[in-house]
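The structure follows.
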Amino acid sequence: MAEGYRPRGMYFEEFTAETQVESQGRTITEADIVNFAGLSGDFNTIHTDAEFSKTTPFGERIAHGMLGLSVATGLANQLGFIDGTVIAFIGLEWKFKGVVKIGDTIHLAAKVKQTRAMKAMGGGFVVFDARVINQRGEIVQQGEWTVLMKSRT
Amino acid sequence: MAEGYRPRGMYFEEFTAETQVESQGRTITEADIVNFAGLSGDFNTIHTDAEFSKTTPFGERIAHGMLGLSVATGLANQLGFIDGTVIAFIGLEWKFKGVVKIGDTIHLAAKVKQTRAMKAMGGGFVVFDARVINQRGEIVQQGEWTVLMKSRT
Amino acid sequence: MAEGYRPRGMYFEEFTAETQVESQGRTITEADIVNFAGLSGDFNTIHTDAEFSKTTPFGERIAHGMLGLSVATGLANQLGFIDGTVIAFIGLEWKFKGVVKIGDTIHLAAKVKQTRAMKAMGGGFVVFDARVINQRGEIVQQGEWTVLMKSRT
Amino acid sequence: MAEGYRPRGMYFEEFTAETQVESQGRTITEADIVNFAGLSGDFNTIHTDAEFSKTTPFGERIAHGMLGLSVATGLANQLGFIDGTVIAFIGLEWKFKGVVKIGDTIHLAAKVKQTRAMKAMGGGFVVFDARVINQRGEIVQQGEWTVLMKSRT
Amino acid sequence: MAEGYRPRGMYFEEFTAETQVESQGRTITEADIVNFAGLSGDFNTIHTDAEFSKTTPFGERIAHGMLGLSVATGLANQLGFIDGTVIAFIGLEWKFKGVVKIGDTIHLAAKVKQTRAMKAMGGGFVVFDARVINQRGEIVQQGEWTVLMKSRT
Amino acid sequence: MAEGYRPRGMYFEEFTAETQVESQGRTITEADIVNFAGLSGDFNTIHTDAEFSKTTPFGERIAHGMLGLSVATGLANQLGFIDGTVIAFIGLEWKFKGVVKIGDTIHLAAKVKQTRAMKAMGGGFVVFDARVINQRGEIVQQGEWTVLMKSRT
């Protein structure tokens, strides 16, 4: 850590059934889709061909599901509550329930579903019930994230 | 679709218990991590601060787990076997088992685990057992991807 | 190659006068132009200044010709037919016949024009007649690409 | 604001002579310099030509001063203390005192130097004494940032 | 310098009170803001959340002030007048006077305000009065840039 | 054009058999290759898979030929000699003679080979003999670029 920096993250013991967080919003732009296609290498026509996309049920290009999920993890990180105290992202169970279109604004809502001490690993698992929600209040992605958090001592 | 283009994807009925695919490799670079931090907004110090990362068990910056997963979906897409026949990414169950370091080369191996016709949705679910494997043959990420594929008719 | 990966490319001997390919489409976005300006360093006002571009015959910013050509090579690569069997891009003769505007969707059509065995180089030259075509069926770029392909043995 | 989101920023009245913040670190990579050249359009050879840079006093490419400053503003933002309560960045006085080389890790330290109520503007000016510090504790950039913060009421 | 390249920059002695430059224009796009957020790490909602931005006095997302300033330095560099003769960017005093919105086109106007020989440093300081001006002729950013230029001998 | 901006480009009539230009250098980085793969969509393993590339004659990843060519057009543009006076890039004949590896520094040398007035098009064709040269003085790409330049009147 940079000298003087006080990480803001919560330790394993601080997470309870009451813990919940809500992130700021982020608008998913055409540029995000273009950049994500280039980064992931997924140039599927539903993301990159506007003419083809007119013929789909959505009528236009849609964001990669993984783009929405990636942005959600970034929004979580920006909240600072796992900053310096997260050891690892362990796994996830995830449903892509709806699409994110160009111009939609999404944010993350997450609450603790379960915690489990893992002393040998220096902390414990925290399982979050996580939802990605758009500007109309629709849940477009939803599932569980399991994260290994440091113990305070 | 662009006129004359013949999508190369397989239809729901073509997926059997024997279906398996293996992608080309892709080296995860420092630039990929920098670009993914910028795209997702996840600037956690384990990805972006080389000095801090020296003090972790890994001793260096590691790739975002979601970067490895995103690249894996891109590698899958590049194989062409869902090109023009995939309707939607339905969901995933995923474990981040090991880390991807700068310079590691990963590829995707996937085989069909289960299929389920969903006539009302114009096709069916195909569940893949998917693994992300590095240049030493280690499985660094693993789980199930469920995809809705078009029916031939 | 990643273990288990079976390159999908065709060998020199497989290319005949009948060989032709047609790629998927890709919409050229404002983000692509911005990113290409930044990558190439070409910030000419016809690509980056909307006010100036109103005074040109096109009335708006246009894509760099080299962006269209670069995307065309990417679309060719995504088809998989030179995957693992191409040795080198030898050269090209190329005409920029029309402009690509923001929002235009282009694809590549290519057919074999000539082949020439180059045994000392382990394969042979394949010359393609290549065309970049927009969503209105207009040929916006056209010419020849010469590629050195591996021999099967 | 996304529904349920509680901005974490401090209001004008909360800033006192004791207020100081210290950010996490961020390693400046070759990719950052490449990306900043492309975004700003500044391809000066001291940033983009390794051969020329060998002949300079630094002996290698250096980061754009503006890249270090831009990253510093991002690091400040990530701390959350102006999140939702900043109205505008008013101005800065800045000295580029040393260079940032590829691989250097910088962080921001800032403390309040002065506050001034601006009731007609709905808050007040907060002047920060800001320093960008590298992994050896050297101050590489330094100066004052003036920001207009919201009043609590 | 690449062999044969003749740097076009002016030497310290060539700068007089009459020296002034005016750059080409550059349109600031949504992609530039997305890319700058990712590069700087500043995802403040006034730059990245279209829904929130509707509730601000501007009614829409605005460009980072530092993006406008960074682009201005790039536009200056592209003029070539400091190419190969600039030693260092020494410092700046800067006011963000107005906002840059998506689609605005800005350019740089700069004139020499003061020069001061710094023989021990191999040249001298040139202080520019610099202005960033939009397509309506409004000065949106303004201040002084101090640059150390090489002496001819 | 931004008000006050004086384009620096040469008009058709100014190009003679003596006209030649030499650009600054630019180092091609791993980040450039990563970014170009993402922009073009060309993820061929010779550019993106370090393990596979060890087995090729080059022993490492190489830059896309089109990346070198794109950078060369950017370097040409930065020289300013076609700034505001170029009407269109008409075509090119091009040979990829050698590879560009990560860390190589290339620059452009170009001289006029031929000019042809095209009064109906408001100017004339200028044909350049263009070469891309690396830090060892090797010509890695070479050919002819045909550009339509404005007439002075």
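For reference, chains read A, B, C, D, E and F in written order, and residue numbers begin at 1 within each chain.
By our rule, a residue touches a chain if its C-beta (ideal position, glycine included) is under 8 Å from a C-beta of that chain, and two chains touch if they have at least 3 such contacts.
The shown structure was predicted, so the numbers you read here are calculated from the model rather than taken from an experiment.
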Q. Among the chains, which is located farthest from subunit F on the basis of C-alpha centroids?
A. A
Q. Between subunit D and subunit E, two copies of one chain sequence, what rotation angle (nearest 5 degrees) aligns their Cα atoms?
A. 180
Q. When A-D is set beside A-C, which has more C-beta pairs in contact?
A. A-D
Q) Hey, which one of D-E, A-E or B-E is the same interface as B-F, over half the contact pairs lining up? A) A-E
**Q.** Taking each chain's C-alpha mean as its centre, the one farthest from subunit B
**A.** E
Q. Measuring from the mean C-alpha position of subunit C to the mean C-alpha position of subunit E, what distance in angstrom results?
A. 36
Q: Averaged over CA atoms, how far is the centre of subunit A from the centre of subunit F? Could you give it in whole Å?
A: 41
(Q) Taking the mean of the C-alpha atoms as each chain's centre, how many Å separate subunit A from subunit B? (A) 16
Q) Could you say which residues in subunit D touch two or more other chains, in rising order? A) 1-2, 24-26, 29-32, 34-35, 38-39, 41, 43, 45, 49, 51-52, 74, 78, 83-84, 105
Q.
Could you list, by residue number, the parts of subunit A that touch subunit D in their complex?
A. 1-8, 22-25, 78-80, 83-84, 105, 107, 109, 133, 137
Q) Can you list the subunit B residues touching subunit F in their complex? A) 24-27, 29-32, 34-35, 74, 78, 103, 105, 135
**Q.** In the complex with subunit F, residue positions of subunit A that touch it
**A.** 35, 37-39, 41, 43
Q.
Under the stated contact criterion, what part of subunit C meets subunit E in this complex?
A. 29-31, 34-35, 38, 43, 45, 48-52, 61
Q: Can you check the complex and tell me which residues of subunit A touch subunit B?
A: 1-2, 26, 32, 35-36, 39-45, 49, 51-52, 55, 64-67, 69-71, 73-75, 77-78, 82-84, 86, 88-96, 143
